[in-house]
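Once you scroll down, you'll see the structures, which are given as C-alpha cells.
Paired with subunit B in one complex and with subunit C in the other, subunit A is shared by the two complexes that follow.
The block that comes next holds the complex of A and B.
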C-alpha cells in the first residue's frame, strides 16, 4: 500500500508539473521549430554554429536590441520560443519529427534543414499540414525546380551559384588555364558540385581538360590514394566541395605531401576553415563561402552587430551557416510584420505567405531577393577570393563579386538545363 | 485457448482500423513507420531463431522502396495493389538468388556477407544520378485503382495498409512457427535454408508501404546502420513471439521521438542506455514481460 501511495503521488506530481510547465508558454508566444544537426558529422561545421546564431539572434530579437529595421521586439511583439530538434536520422525520421513538431508541440512555423535529402522530403509534409516552413541552409536546386510549394520558402541561395561562380572566377583570374582536376565526396552534393563546375567550365573555356576526378566516400578522413592520383595527374587548379572535417583532413594531408606547391586548391566551402586552419591553408587558395557570408559579408550595421556579438559570445567569428540562420530568422520576422502592417492587426498564415513571396530584405550578408521559385526561393550575389596569411593575419585578396543573375539560372529554368544551354540569359556586372 | 486467441485477433483487427481514425496525425505516421520496421524485423526474427543475425536486412527494405519509387516515376502509377506485388517480386527474386550463396555461411560470416550485399546496393544507388544519388527522391502518395484519398486522409490509407499487411504477415509467421518446420528450426537449427527463404519472403512485403508512408526514399535505406536499427529492434522486442518485433518497433520509434524531445543533444545516449538496460535486465526482450505475466496467470 505504502508503495502504491508513493507511486500515485509521484504520478500526480509529474502531471501537475507538466501542466505548469506547459502553462508557462503564454498564449502570445511565437513557437518556432528549429531543426539543425546537433549530432553527427554535419553538427560541428554547420548545425551547431547555426544553432548558436539562432540562440543569439532570438535573444536579441526578444529584447529588441537589433539594429533597424529589426529593432521591434520578437515577431509582431510576440516572444519567440525556439523548440530544437536534431536533424539526424534521415529523411523519413525527419518527416516523422516534423509531424511531431506541428501536431504535438503546436509550433507556429518550422525553420531549419541542412541536408538536401531532408529539404526534398519535408516540403511534401509541410504542404500536407499547411504549416509555414523556412529552409535555411540546404543547397540542392531541385527543391523548387521539380515542384512548387505554397507553404515552403528557402532564404538561402542554391548550390548552383557556388560552382558557376567558381568557374567564372577561374576565367577572370587564371589566364590560359589548361587543366583542372577535382576531388568531391561520393554523394549528391559532391556529384552536383563537380557537374555544375565542370559544365560551366566547359561553356566558358571549351579547351579545358580534366586531369582527374576523384570521388572518395563521405567522412573518409584518409585521402592518401586520391592525393597520389591528383599529384600524378597534375593540373593548375583542384576543385573541391569538401566540407567540415573532410576538407580539413584533405588540406592537412595534401599540404604535408606538397600537393599544393604547384596546384591551387579551389574550396567552395573553404571559408568555414579560414580562421581555424589559418596556418595550414596554402597561400593563394581560392575560398568560397556559399554566398556573401563570413569574411565576404558587406560592411553594414547588421553585420557589424552580428560579428561582434557572435565573436564575443562564442569566441570565434561566425561562418556561413550562422549567417544563413540569421537571414532565415529575419526573413520570417519581416514577412510576419509586413503582413501585420497590411491587414492592420494579427495576420493569418496566408497573409504572411503573401508577404513573404517576392520579399526583398537586408540580412547580415547583404540583399536577399526571394525572386526565384515563384517567389519562394532566394537569390544572392556570390563571392570568391584568395587566401593570404602574409602579414600573420588571415585575410582575403583578389575578391570578385558576381551578381545573382550572373550565377543563378533565370526563373523557370533548371540549373542543369541552364548550364547545358551555355548559361543563356546570364546578366553579369 | 487457441480458439479465443483467434477470435481476439480477428475481432481486434477492425477495432484497430477504427481506432486509427482517432489517432493524431503524428502518431499515425509514427505507427506506420514502426509497423513497417516491425515487419522487416519479423523476417529477422525467423533468422535469429535459427541462430543467424543478418546485418543486411536493409537491402530488402531499400530494394522494395526503390522498386515502388521507380515504377511510380516511370509508369506513373501510384496504385498500391500494383506496386506492392511488384516490390514483392523484386525482393523475392533477389532473395532467391542471394539465398543460394548466403545459406552456405554461418555466424559472423553470414552477418558480414549479408551486410556486404546491402552495401553494394547502397554504393550503386549513390552513384545513380537519375535516382537523385544520396538525396533520393519523392514518391507520389498511394492510391487504390485511381482513387486517391483526400489530402488529410492520405496517411490513414497507408496506416491501414500497414496494419492489414502486418496482420497477414504476422499470422503467416505465427502459423509457420507453430508448424513442425518452425519448431525444427528452433530446436535443431538444421533448417536454416528453409528459414532463410521464409524470412526473406516476409520482409519484402514491408518496405513497400514503408516508403509509401514516408513519401521519400534515399540510399540510406541500404546503409548498414539501417540494418543495425533492425537488429536493435529485434533485441528490444525479443524473438519469442511474432508480436514481439512489432512491439519492439513501436517502442523504438516512440523512444526515439521522445529522446529527441527531451535531450536534443544526447538522445543517442538515451537509446544506448535503454538498450543496455534491456540486455541486462530483460535479456529475452520486452516481450518476456508479457510471458512472465502469462506464466503468473497460469500458476495462480
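The block that comes next holds the complex of A and C.
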C-alpha cells in the first residue's frame, strides 16, 4: 500500500515537473527543428559540417557574440533551442519526421534539407501544417519554379546557378574549346547539373562537342570503366558535379591513371575537397563552391568570425554546407527581428513571412537577395577558380565572380526554359 | 581495338574486385546455407580498418611499401575477429532455422554493425591513397591503368586458387564437402560440423574484410559502403549459383564485362545491365549457372 502510494506520488511529481519544464521551455525558447544528414554517405561531406556550423552559430547567437547586425541575443531575445533530426531515410520518412517536429515537438520553425528529393517533398507538408520552413542547401531549381509557397523559403543558390557559371567560366578561360565530357551521378542532381551545364555551354559556344557523358550510380566508388571511357573519348574539360566520397574516389583513381594530365576536371563542388585532397587534385583543376563560400567567401566581418571560430573548434576550415547553414540561420533571425521591429512587439508567423520575402541581408558568403520565387528563393553571385598547390599550400587562382543576374533565370522563368531561350535577360558584369 | 581492350581490361578489373567480395558470401552460403547480409559490413569494416591503420602507420613516417602488409594484416586479424564474434556470439544460436529467418538475423546484424562502424569511425570519410599510387601505372594499347589494379587481379586469382585447392585437395576441404552435401550424415560420421561452420564463417568474413581493405586505397571510405556493395555481391552469386565458388568467378566476370561494355557503348544502361543479366540468367536457370538443381522437401 505504502509502495503504491510512493509510486503514485513519484509519477505525479514527474508529470508536474515535466509540465512545468515544458511550459517554461515554450515560454522562453525559440524551438528550431534542424534537419540534416547525420548518417549515410552525405553526412560526412554535408550533414555534419552543416550541424557543426549550426551548433557554433546558435551558441554565438544565444550569447550575442556575433558581429552586427546579428549581435542581439537569440531570436528576438528568445534562446534558440535546436531539435535535430537525421535527414537519412528518404522523402516519405522525412515527411513523417517533419510532422513529428511540428505537431509533437512544437517547433517554431524548421530549417534544413540537403537532398533535393526532400526539398521537393517537404514544402507541401509545410504548407499543410502552416509552419515557417527554411531550406538551406538542396540544389534543385524546381522547388519554386513549379510551385509557389507561402511558408517555405530557400536561402541558398540552386544547382542551375552553379552550372551556368561553370559554362561561363569555360567561355572566359578556354578559348577555342572544342569538346567536353561529363561524369555525374545517376540521380536528379547529377542529371540536372549536366543538362544545365551542357545546355548553357551550347548557348555560349555552339560548336562544342560532347565526347562522352557518364552517369554512374551514386556511391558507386569504382570508376575504372568510366575513366577508360573518358580516356578513349578524350576532351579538353571533364565536367562533374560529383560530391563527397564519389568525387574523392574519382579524383584518386583518375589521377593515378593520368586522366587529368591532358584533360582538365571541372568540379562544381570541388572546393569541399581542396584541403583534404590537396596532394591529389591536379594543378589547374576548376573548382566551384556552389556559391561564394569557403575559399571564395568575401573578406567581411562575418566570414572572418565564422572561419576563425569554425577552424578553431573543428580543426578544419568550413566548406559550403557550413556557410549555407549559417546564412539560413541569419536570414531566419533577421526576418523575425525585422518583423518584431515593424509590429513593435512579438510578431506573428505571417509578420515573419512578410519580413522574409524579398529580404536582402549579409552572410559570411556575402549578400543574399531573396529576389526569386516571389521573394522566397535566394540568388547570390557564383564563383569559380583554378586549384594550385605549387607552393605546397592549397590555393585558388584565376578567380572569376559572376553576379547573380548573370547566372540566374529572371523571375517567372524556369531554368530549363531560360537556358533553351539562350539565357535571355542575363545581366553580366 | 582500343575500345575492345579497354572493355576487356575494365571488365576483368571490376570482376576481380567483385569476386573477392562474392567468394566469401558464396562460401558461407554453400557450407552453412546462410545468405549473409552482414557480409557487406565485413567489407566495410575491412575498408575502415585498412584505411585508418594505414593512416596511423604512415603518420609514423614508415615506408609506404609496408602499408600493403598493414592492409593485409588488418583484413586477416579484424575480419577473423569480427567473423568469430558474429558466429559465436549470434549465429550459432540460430542454426537449423529456416533460411529466411537467417536472412533476417544477418540483416539485423548488418544494421547493428553499420552503427558500430559509425560509433568507432564517425561519419567522416577516410582516404589512404598512398598504396594505390605507389605502384605507378602501365600503358596497354595507349590506355593507362593503375598497377595496383593488376595486383587486385592477382589477389582474386590467388583467392580463387586457394579456395579450389582447399576444398578439393586437402583433407579438411573434403570433409567440408561432406558437410555441404549432407550435414546430418557428416555429423553421424564424426565430423565436427559446428567447428566446420565456425571456420567457414571466419574465412568468409576474412574474405569480405580483405576485399574492403584492398579497395580502401582507391576510394574514399565513407558510411554506407557495405550496403552498396552487398547488392552487387548478391547479383554475382545469384548469377553464378548460390554456394558455387566457380560460379562466383564466372558471375563476377559476366557482371564485370557486361558493365564495362555498357559504360563504353551505352552508358545510360550501366546500372540496368547488371540486373538485366541477372534476370536473364534466372529466367533460364533459376538456380544460377553453376549450382546443381536439387529436390525440395515439401
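Going forward, the second predicted complex is superposed on the first by the 404 of 429 C-alpha atoms of A that agree within 3 Å, B and C clash if a C-alpha of one lies under 4 Å from a C-alpha of the other, contacts with A are read in each partner's own complex, and residues count from 1 in each chain.
Keep this in mind: a contact is a pair of C-beta atoms (placed from the backbone, for glycine too) under 8 Å apart; a residue touches a chain by one contact, two chains touch by 3 or more.
Remember, it's a predicted structure, so these values are computed and weren't measured experimentally.
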Task: Clash or fit, subunit B versus subunit C on superposed subunit A - done: fit
- [ ] Name the contact category of A:277: first (subunit B only), second (subunit C only), both, or neither.
- [x] second
Open item on the list: Between subunit B and subunit C, whom does A:38 touch in the aligned arrangement: first, second, both, or neither?
Closed with: both
- [ ] In the overlay, answer first, second, both or neither for which of subunit B and subunit C A:186 touches.
- [x] both
Open item on the list: Let me test your reading of the model: by the given contact rule, A:95 touches which partner, first (subunit B), second (subunit C), both or neither?
Closed with: first
Task: Partner chain in contact with A:221 - subunit B first, subunit C second, else both or neither - done: second
Open item on the list: A:229 in the overlay: touching subunit B, subunit C, both, or neither? Say first, second, both or neither.
Closed with: second
TODO: Using the touch definition from the top, say if A:364 reaches subunit B (first), subunit C (second), both or neither.
DONE: neither
Open item on the list: Tell me the contact category for A:253 with respect to subunit B and subunit C: first, second, both or neither.
Closed with: second
Open item on the list: Using only CA atoms and the superposition described at the top, report the least gap between subunit B and subunit C in Å.
Closed with: 5
Task: Intersection of subunit A interface sets (partners subunit B, subunit C) - done: 38-39, 186
Task: subunit A-facing residues of subunit B, complex - done: 24-26, 29-30, 33, 126-127, 129, 132-138, 151-152, 154-155, 210, 214-216, 218, 220, 253, 256-257, 260-261, 264-265, 267-268
Task: Sites on subunit C touched by subunit A in the complex - done: 2-3, 6-7, 9-11, 13-14, 17, 118, 122-125, 127, 129, 132-133, 137, 143-146, 148-149, 215, 218-225, 228, 259-260, 263-264, 267-268, 270-271
Task: Residue ranges of subunit A in contact with subunit B within the complex - done: 38-39, 84-86, 89-93, 95-97, 99-100, 102-105, 116-117, 120-121, 124-125, 128-129, 140, 142, 147, 186-189, 191-192
Open item on the list: Under the definition above, what is the set of subunit A residues touching subunit C in their complex?
Closed with: 38-41, 43-45, 47-48, 186, 212-217, 219-222, 224-226, 228-229, 231-232, 244-246, 248-249, 252-253, 255-259, 276-277, 279-280
